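Both of the next two complexes hold chain A, though its partner changes from chain B to chain C.
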Partner chain A sequence: MNRLSKATLLMLVLALLFLLGPFVVIFVAGFSADETLRFPPQGYSLRWLAHVFTVEAFQRSLLTSLVVAFGSTLLALALGVPVAYALSRARLPGAEAVRLVLTLPLIVPGIIVGLALLNHGVLALNLPVTLSLLIGHTTLLIPYAVRVVSSSLANLRLDIDDAAVTLGATRLQAFFQVVLPNIRGGVAAAFVLAFITSFNQVPVSLFLTGPGVSTLPIEMMAYMETSYDPSIAALSTLLVLFTIALVAATEKLLGISKYV
Partner chain B sequence: MRRKLAWALLAPALIFIAAFFVAPVLALLAGAFRVGDGFGLSPLVAFFDEPLHREVYWRTLRIAGLATIASALVCYPAALAMVRVSPRWRGLLTGLVILPLMVSPIARTYAWIVLLGRNGGVNALLQATGLADEPLKLLFTEGAVFVGLLQLMMPLMLLSLVSALENLPADVLAAAATLGANRWQAFTKVVLPLTQEGLIVGGTLVFTGCVTAYITPALLGGPQVLMLETLLYQKVNVMSDPAAASVIAVLLLVTTLVVNQLLKRVAR
Partner chain C sequence: MSHLTLEQLNLAYGKAAAVRDLDLAIDQGQLVSLLGPSGCGKTTTMRAVAGLLPPVSGRIRLAGEDITTKPAHRRDIGLVFQSYALFPHLSARDNVAFGLKLRKRPAAEIERRVAAALASVGLQGFEARLPANLSGGQQQRVAVARAIVIEPRLLLLDEPLSNLDARLRVEMRAELRRIQRELGITMLYVTHDQEEALSLSDRIVVMREGRIEQDGTPEAVYHRPATAFVAAFMGYQNLLAWRDGALHAGDARVPLALPRHASHLAWRPEHVAVVDAGRGTLDGRVGARSYLGERIEFLVQTPLGAIKGSGALDSPWLEGTSVGVVLDPARAALIAEGGRA
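Coming up: the complex of A and B.
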């Protein structure tokens, strides 16, 4: 190996250390035994990992986050899968415009989406907080659902559902009994990606959370402003472990990296 | 598939996006141009009359620009090394680069609070080695925001560059060598131009991500190092200034779109 290759390899190692080092820091801080946050901790224990489960604000906001993530993911798939199917199977004059409109939520910053929905929807219609969060997150997740399922449909032969229709199936039967079983990997990958995106979402939620109803990430940011104990480090440790488990399981079953 | 059926399948999603996304966002943006009962540019002008606003806008561009350049400088050599390791290793490394993208940005940003705080790791190290007598103020600085954003956005640049380098035909380097180019010439005249698009894609993603970041400037910058999104939050929740909030929304959108177009033009 020559000097140039060694230099690039060193850069790769440094880049990975910079990228992954912070996770080690979070783990170490999460197992702290100290009263306040310091690094390195003076002692180690499980007390803060246990403590986060007893904080009522975290329990409540976790529940809201899970409800919103499940709900908006299912709604985005229900709206997005038909779009992906129609775009892949029909030649429409306005197909490009439809694609553009359905990618816009990825281009417009989330904080704008949240504020716009608050000022020009939620307040006027007096929508409850959870429903507002559900709607806001769904607009963001539809593009993911369309994109991932579209790439899965692109790999599927066009004529299998036409064959089913020719053989006497209705379009609906053809979709549910022939197409859907063949793209279930893509749909499942879209589900996981959308779920994680909603669960980690901050900018869209920022203005939509209200008195007493908040999502876990927003609650964590609020907690940080008033407390300096290692709770957030402990909670972050749990979130990182949860994400690794989820991604590893999905990668093993579906190969999610194909769709990112 | 018949067109009528196709439109019927598209309609629910399009109506949903139109009602809960397009209409509210347009209404919000229009607020930036409202003057009395009519429309005009005076709210934009008034916004930039405020020195703090100019400072925040310039800081946002500066931090995003520096983070984009730094990520390219770090990731290009790293990507060169990554496409040369064995496929098994490359798969593992790709997984390690993608994984952080899935983890809550709050968890990822919080590590920097742990490291840069008064009782954090960096200050502990500085004091233990005698480089500092008392804790330095590292958190709530522009440097902290820069480091946090660089770490958050780096995977996007690295993945774009790796995919560009993977698509590089294997024999172009051999061809350049046969034609008498040394390694440096082969790199600047062949590899770099052929992977320019990966650099542009990565740069666009990183720059846009930094300009529209909220969590990192909120946690690592605070009210002392405001960026566009944290200023927007203050305008809404602290100062109740909806006109300024609308102007910032326009700025966020226009800035990201203009930079997208400019970089695309460079690629051509």
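Coming up: the complex of A and C.
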């Protein structure tokens, strides 16, 4: 291996500092014993970590977040995997246009998606909040699902489904028995990515959450407006650890990093 | 009655016509090759027979049954893909068993038939391996076993040997012929390699731009090409137009008497003798001389254009010397065709 030049080394250190610095601050602050959030803390304890579990608003919104993240991820995969498959067969006219349109939610700010859903869904159609959250997040996640699954389909020779058909499989059987088992790493990667995206989503959720129904990130923002204690840092630490564990577990099981 | 019949078949990808008004009949137990350059419609034709491409018009009949609109998965037609198309997540054994499992055969029967199919392609001891851990030749054998184990009514092979190295290709060629004879299976074999087609086939169908140029035995296609295109594809590198008792090229005219009418004459380089100047049909100048092991090939610039001929290994002529070339009608393929050339 080449020796790193001093400039390169400096860039690396700075990049790591920017990436990990905030997390270190939060992580340390989460173990604070103080009454208010500050860095570095005066003393250390587990009291705020314990306190997180007693806040009823966190419990309720965590449940909502999990339900919405799980539900919208499954919906986005149910819609996105067939789309990615159809696009990969690519004899469709306008496949490129479809691909482009599907990436739009990645370009359009979440605030606009949220506002549109609020005006035309929740207000105009009187949709329940959880349902509109589900719809909003699903819209947001489909591009992730299509993108990630497409890249794993690109690694697969697609004459294997024709081969399955000549051996007596219907197109549907060919997809489930031959295509799907070979892209399961990509599907798992899409699942994890979509789940985390939904779980951490703020802009879309901001418009859609109403009285009594809120997601965890929104509830955390609301909490910070009223109380400035280290429990937010403690909760953030827990969420970061949860996310890392999720990614690490799927990476270990399925090797998903090659798809994202 | 023919086993497979294609009647007035028209095929297209989108708006681009790929095969036009194709008529073809194949008898039970025959091995017929579709031979032609890429883009001639041979693979397209095969995909239509397999049911993977719906025809624009025309009929496909198999064993008397009209299968034109029958779904691919109910046709019982085996297909060996150019890329083998093995299922990457299944072992060799499970790849071969795939079609039988879909047919819900009892486990004992599947095991017996899979073992028999793997044995008939000479692939024992690799049953548990994934395709990624098999060599190209072994993957090829799994692909063939997977297609024959369902006892298809017809076996299609799409350039199955093109991904193998030369030595393995010749070996697999003989293997395929043996399997075809042993099982008495009707095969439609797609290739662009004339040597492969000649050595394997009962019949060769040469295609060009979606139409049949010639349909005949390997001997007929090799020795009596019906068109200038087939002649060129079969290695007749010298093609000259003939009319009114003479060969023509531009303004040049060399008298040559023929026993019957022809539009073109074609010679293989090995059938045109290079001799001393003044002793052949016409004279020219040696443009290039290549040693080919058993003979020396000369490219001779003549008034009729460049002609490739051959001389013995002790031929003295070097580049730039004047020589004669012998264009013997008895050694030529006589081609009588309409406008096309």
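Operating definition for what follows: the second predicted complex is superposed on the first by the 255 of 260 C-alpha atoms of A that agree within 3 Å, B and C clash if a C-alpha of one lies under 4 Å from a C-alpha of the other, contacts with A are read in each partner's own complex, and residues count from 1 in each chain.
Throughout what follows, a residue touches a chain if its C-beta (ideal position, glycine included) is under 8 Å from a C-beta of that chain, and two chains touch if they have at least 3 such contacts.
From a predicted model like this one, the values you see are computed outputs, not experimental measurements.
S.K.: State whether A:178 touches chain B only (first), chain C only (second), both chains, or neither.
M.R.: Only chain C is touched by A:178; chain B is not.
S.K.: For A:51, using the defined touch cut-off, is the partner it touches chain B, chain C, both, or neither? Pick first, second, both or neither.
M.R.: neither
S.K.: Of the two partners chain B and chain C, which one touches more residues belonging to chain A?
M.R.: B
S.K.: Quick one: classify A:20 as touching chain B (first), chain C (second), both or neither.
M.R.: first
S.K.: Could you look at A:99 and tell me whether it touches chain B, chain C, both or neither (first, second, both, neither)?
M.R.: A:99: touches no partner chain.
S.K.: Touching A:164, do we find chain B (first), chain C (second), both, or neither?
M.R.: A:164 contacts chain C only, not chain B.
S.K.: Based on the A-chain superposition described above, do chain B and chain C contact any of the same residues on chain A, and if so which?
M.R.: The answer is residues 171 of chain A.
S.K.: Looking at the complex, which residues from chain C come into contact with chain A?
M.R.: 13-14, 50-52, 71-79, 81, 83, 85-89, 98-99, 102-103, 146-147, 150
S.K.: Please give the residue numbers of chain A that touch chain C in the complex, ascending.
M.R.: Touch residues, chain A against chain C: 91, 93, 156-157, 159-160, 162-171, 173, 177-178, 181-182.
S.K.: Quick one: which bits of chain B touch chain A in the complex? Just the residue numbers, please.
M.R.: 1-3, 5-7, 9-10, 12-14, 16-18, 20-25, 27-28, 74-75, 77-78, 80-82, 84, 93-108, 110-115, 117, 119-121, 124, 150-151, 154-155, 158, 183, 212, 214-215, 218-219, 229, 232-233, 236-237, 242, 245, 249, 252-253, 256-257
S.K.: Provide the residue numbers of chain A that touch chain B in the complex, in ascending order.
M.R.: Per the stated touch rule, the residues are 4-5, 7-9, 11-12, 14-16, 18-23, 25-26, 29, 36-40, 79-80, 82-83, 85-87, 89-90, 92, 98, 101-102, 104-105, 107-113, 115-117, 119-121, 135-136, 138-139, 142, 146, 171, 196, 199-200, 202-203, 206-207, 217, 220-221, 224, 232-233, 235-237, 239-240, 243-244, 246-247, 251, 257, 260.
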